[in-house]
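Naming follows writing order (A, B, C and D), and every chain is counted from residue 1.
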Amino acid sequence: MSVDFDIIRTARAILHVTDLERSRDFYIKGLGLVETESDENTIYLRGLEEHVHHSLVLKKADAPHVEVTSYKVRSDADLDALAAMFEKHGMKTKWLEEGSQHAIGRALRVQDVSGIPLEFFAKMDTVERLLQRYDLYQGAKAQRIDHFNNMVSDVEAAYDFYTKELGFSCSEYTATEEDKIWAAWIHRKPSVHDVAFMNGEGPRVHHVAYWLSDPMSLIHGCDVLAALGYAENIERGPARHGLSNAFFLYLRDPDGHRIELYNGDYLTSDPDFKPIRWELNDKRRQTFWGAAAPDCWFNEASTVLDVHTGKPLETVAGKLKQAKPIFIV
Amino acid sequence: MSVDFDIIRTARAILHVTDLERSRDFYIKGLGLVETESDENTIYLRGLEEHVHHSLVLKKADAPHVEVTSYKVRSDADLDALAAMFEKHGMKTKWLEEGSQHAIGRALRVQDVSGIPLEFFAKMDTVERLLQRYDLYQGAKAQRIDHFNNMVSDVEAAYDFYTKELGFSCSEYTATEEDKIWAAWIHRKPSVHDVAFMNGEGPRVHHVAYWLSDPMSLIHGCDVLAALGYAENIERGPARHGLSNAFFLYLRDPDGHRIELYNGDYLTSDPDFKPIRWELNDKRRQTFWGAAAPDCWFNEASTVLDVHTGKPLETVAGKLKQAKPIFIV
Amino acid sequence: MSVDFDIIRTARAILHVTDLERSRDFYIKGLGLVETESDENTIYLRGLEEHVHHSLVLKKADAPHVEVTSYKVRSDADLDALAAMFEKHGMKTKWLEEGSQHAIGRALRVQDVSGIPLEFFAKMDTVERLLQRYDLYQGAKAQRIDHFNNMVSDVEAAYDFYTKELGFSCSEYTATEEDKIWAAWIHRKPSVHDVAFMNGEGPRVHHVAYWLSDPMSLIHGCDVLAALGYAENIERGPARHGLSNAFFLYLRDPDGHRIELYNGDYLTSDPDFKPIRWELNDKRRQTFWGAAAPDCWFNEASTVLDVHTGKPLETVAGKLKQAKPIFIV
Amino acid sequence: MSVDFDIIRTARAILHVTDLERSRDFYIKGLGLVETESDENTIYLRGLEEHVHHSLVLKKADAPHVEVTSYKVRSDADLDALAAMFEKHGMKTKWLEEGSQHAIGRALRVQDVSGIPLEFFAKMDTVERLLQRYDLYQGAKAQRIDHFNNMVSDVEAAYDFYTKELGFSCSEYTATEEDKIWAAWIHRKPSVHDVAFMNGEGPRVHHVAYWLSDPMSLIHGCDVLAALGYAENIERGPARHGLSNAFFLYLRDPDGHRIELYNGDYLTSDPDFKPIRWELNDKRRQTFWGAAAPDCWFNEASTVLDVHTGKPLETVAGKLKQAKPIFIV
């Protein structure tokens, strides 16, 4: 737990999308994100309370991959400490010097133990926070980036690396009948998670989540999305997760990237908070109110890119055989 | 439309249940209904704004049938006019004199053109209204009875009888590709409906609906129901209907009777309001946000009793072949 | 109660405003009303669920008076019956033939017993209802016109005329210690009111109310209004009235006309519903939660025009001496 | 900023109350706190998400003082480091060994630079978290303790000590025209605050705040409080603060202690987050929607006890002359 750097929080995702205009409509009018800046190849988006330049980058590309999932660290020196740690474990790092990426400082990229492309940086340009510009609120009023959920073949390996080497704490986890960790929710900021890992074909990014300030923003968001023609993009919910207690909605963006809208959560600041264990086949775990997730929610996720080659990573099946919960009613 | 009596609104349902204690827990702690009175065989329940003795009667019985669905009329004389009309059409009426039923005045019962057991009455005892006793609110905070939904084999026959002979107006309806009415929402009070008819095996009562004052009561109701162990009783929703614009939740009570919690609606007072037509296969009709209803929602409903013999009525299949919407995506 | 015509509901108000652009911004961006049509002298606005051309007319004028408050009747013949009744009481009527006013049919105008300018009509052009165009929702999402509140010098005279001659029913009223009616809430549609009368300097229109679909629209409306620079226009609330149980907000438009945003209410369809009596000095009557209304709320209101001369009517003091509640804590 | 200990968060308050039964009713039925344990002299309360024994202690006493405001630290060793720091500044500390207080470990008490009684501890017994026992939710559904607000005579002195010696960060502050800090909001957990200081007669505790999960819990809380007879205890709100963006309600408990119910907030995790400056006389600062706070809100607060003598501390006037904002409209 004692590490030489301080990862602050989930900071941004870079998604490759095939049609910037379709994505702009979905993310801005539907989710309510704010466009900070854009050009013909890129759109920079942020949530309503975010005082930083962006938390989501949409890049025009031929295929809808996830380029990287990023975390903010306390200081530039933390980046060097992180690089040293990764290299000690034989993980090849890549530096993107300040100036090479728009609006952020020096960045460190690496493929994590599961193959998920990570990025760390300490500095991002700040912009006007629009939290009290309620007259500009749209759609689901997405307020800030909250977490990533990654589908990986070996959850325990990811869990060990993040908790022992990166300094994350576990809030809740799902175990199989054989006491294996099937999924884990881990955090740096004192919420339920900054990132979760779920057993399955990976490495893939299952979803990127934005936090909403209240449940009615989620209900109104559904109405606006449907009115805009995105009813088919609502994949699951609204409902409440037993695990995390979140009131949630899962959407598929026009390229199939999964976005979660998320409200609820609780404070996990206490060092003596005991991780909550859920049994995989406990129906209330996935949906407190009882409705099962559709199969596509368990099977589909976004492929990720190699931080060095820029090529999509091949995936392997989840190590634990059970691909989704089985409910014997 | 010009009739000799004035039906005011949906007034009460009498449900036969097999275990009064299980039902009491579900309806009072889960839905938030108030118990006005009860004895070993009967529980009388009302919504939080209701100033009348009850809107739901649970009667202990061997099997879970619907005894009757009741409407309030303006005056006692309206009952005689209604009886005359039914008899003119060769429909056998039954009188229950004042005193024969607890807390209500003289009542007229008849099997409607579809076989649904109807009751009309003008008087019910009044009780303290608890609308502002917020300290007594529980669960989903069910506020008042809103409507019935009946599954019948010939929707057009029901539609014609209710609009021409009983003075109902249509707010919305669903048509097949052959321009047949597959379902209709009709009202006396100026809301979307007091009763709806849906093509299917009938006569059966599909659901009884209670109105909630706001969407958050429905969300909180889901949480309370789940915490009480009723997650399995949540059959569909929460979601929004395209048709009626209602934010809805469908529950099955411990005996399988379906209860809808309902918020939204709009004012239908204007005589020149044009009924809204929906195509049966329009996905947004049933769920504006896109999620399909489970098959059980289309197939299962409560059988009804003969008002004269007290025996369950046999059912016949819906006249229109299409049993549920088909979506070609 | 038995009258020869059928008044359906509160239908529209015509407000004179001094700056159309300022008003447009307030009513559309702030309240969320939809502009159906406009020209250089007039803006026609409607609520999100309204299928008729408008419920509010803003007319450019030198001073901010209320030209008329209008009610919809069932049929054109009802207008003749109404005219006959008014003339029987020696009240001079004025006809505006179809074509003389935009988008509505033949209209009857008259000064009521208190001097309030009334208008009745049966027909208005219908337009596309935007209830499910959630993508167009703005500000407080005003959904439909609900009621007028008039300040008059003799509430009992108004009460008697409306209940005996116009067929209104009373839902709630406020009485002084001497058993005089200080204020009354009366309705045609089965809600708490289509119009209320309050003792005070009159005839004046105290406010025009729009109904919202849920309490969060009111909270979000406050935020949007404040962000747009209208914090000073929020005069009272949000809070809950004991009387009517409404969750309310009172605004002053850029000319000082008072608008209420209103959510809550309950069904008053039953002929045996007993009007609820409140004591004038019961604190919970005006604000269930305890905060007193500011003096301006009791003292200020919009002057009204003479339907025949178009001139502002002189006002006289309220007949009952007590101008506002007194709370002895 | 670099300190030798880690203060985690606001943890508990100990309030002296004169009538335990009256307080129990207010805090449990009204605010929705959960009673963990009690005896004839003490009640231990916690919020719905809290996994620790309590966050509020009510102690029966002759007069309603605040005994102490407490913070949780990461480990027991942090207590020794804190004690050393206080003693270095000549501030006399007091130890309460494990076992001397119910349900918590070793505690350090000290009067802070303003005279506010502080307590620090690392361990508290854990109990069942009731977050998903929605069937037990009551009243305003208070979810967790959030912050203290202290009225002190020298805000800048307090600000300097907390930020330089205790490691707090500032999220927002209010400045006078002379650039003096009139009030400051500072935090350890990454929310707007764990404690705020406001210029005025002090040392006094202005309020203890509980966080709610959503705005509708606050609205429903008002209704329940009013129904229970606590309308007079609602001092200010509901409304939104410009500063902190909180949707708030201020209550006075039966002894006059002020409690804030609080929803909104935003994430302040980023080290580069720039404190937001508000001008004291900016109307939107205190109430974004425009309504001014009552004078009692600025003048009244709870006196505090000396941690060594147990006697009430004498108070002195605020150093800055302006006692409250002045709005020149």
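One rule holds in what follows: a residue touches a chain if its C-beta (ideal position, glycine included) is under 8 Å from a C-beta of that chain, and two chains touch if they have at least 3 such contacts.
Please read these numbers as outputs of a predicted model, since none were measured by experiment.
Matching A-C against the pairs in B-D, A-D or B-C identifies B-D as its interface repeat (over half of contact pairs the same by residue number). As a whole-number value, the distance joining the C-alpha centres of chain B and chain C reads 33 Å. Separating the centre of chain B from that of chain D, both taken as means of CA atoms, is a distance of 49 Å. Chain A and chain B have centres, each the mean of its CA atoms, that are 44 Å apart. Shown for chain A are the residues that touch two or more other chains, namely 132, 214-216, 223, 226, 288.
Taken pairwise by the contact criterion, the protein chains are fully connected, each one touching every other. Of all residues in chain B, only 29, 132-137, 139, 214, 216, 220, 223-224, 226-228 touch chain D in the complex they form. The touching residues of chain A, counted against chain B in their complex, run 215-216, 219, 222-223, 225-226, 231-234, 238-240, 247, 283-284, 287-291, 329.
Only residues 8-9, 49, 51-52, 72, 74-75, 123, 126, 131-132, 143-144, 189-190, 213-216, 242, 245, 263-264, 266-267, 269-274, 288 of chain A touch chain D when the two sit together in their complex.
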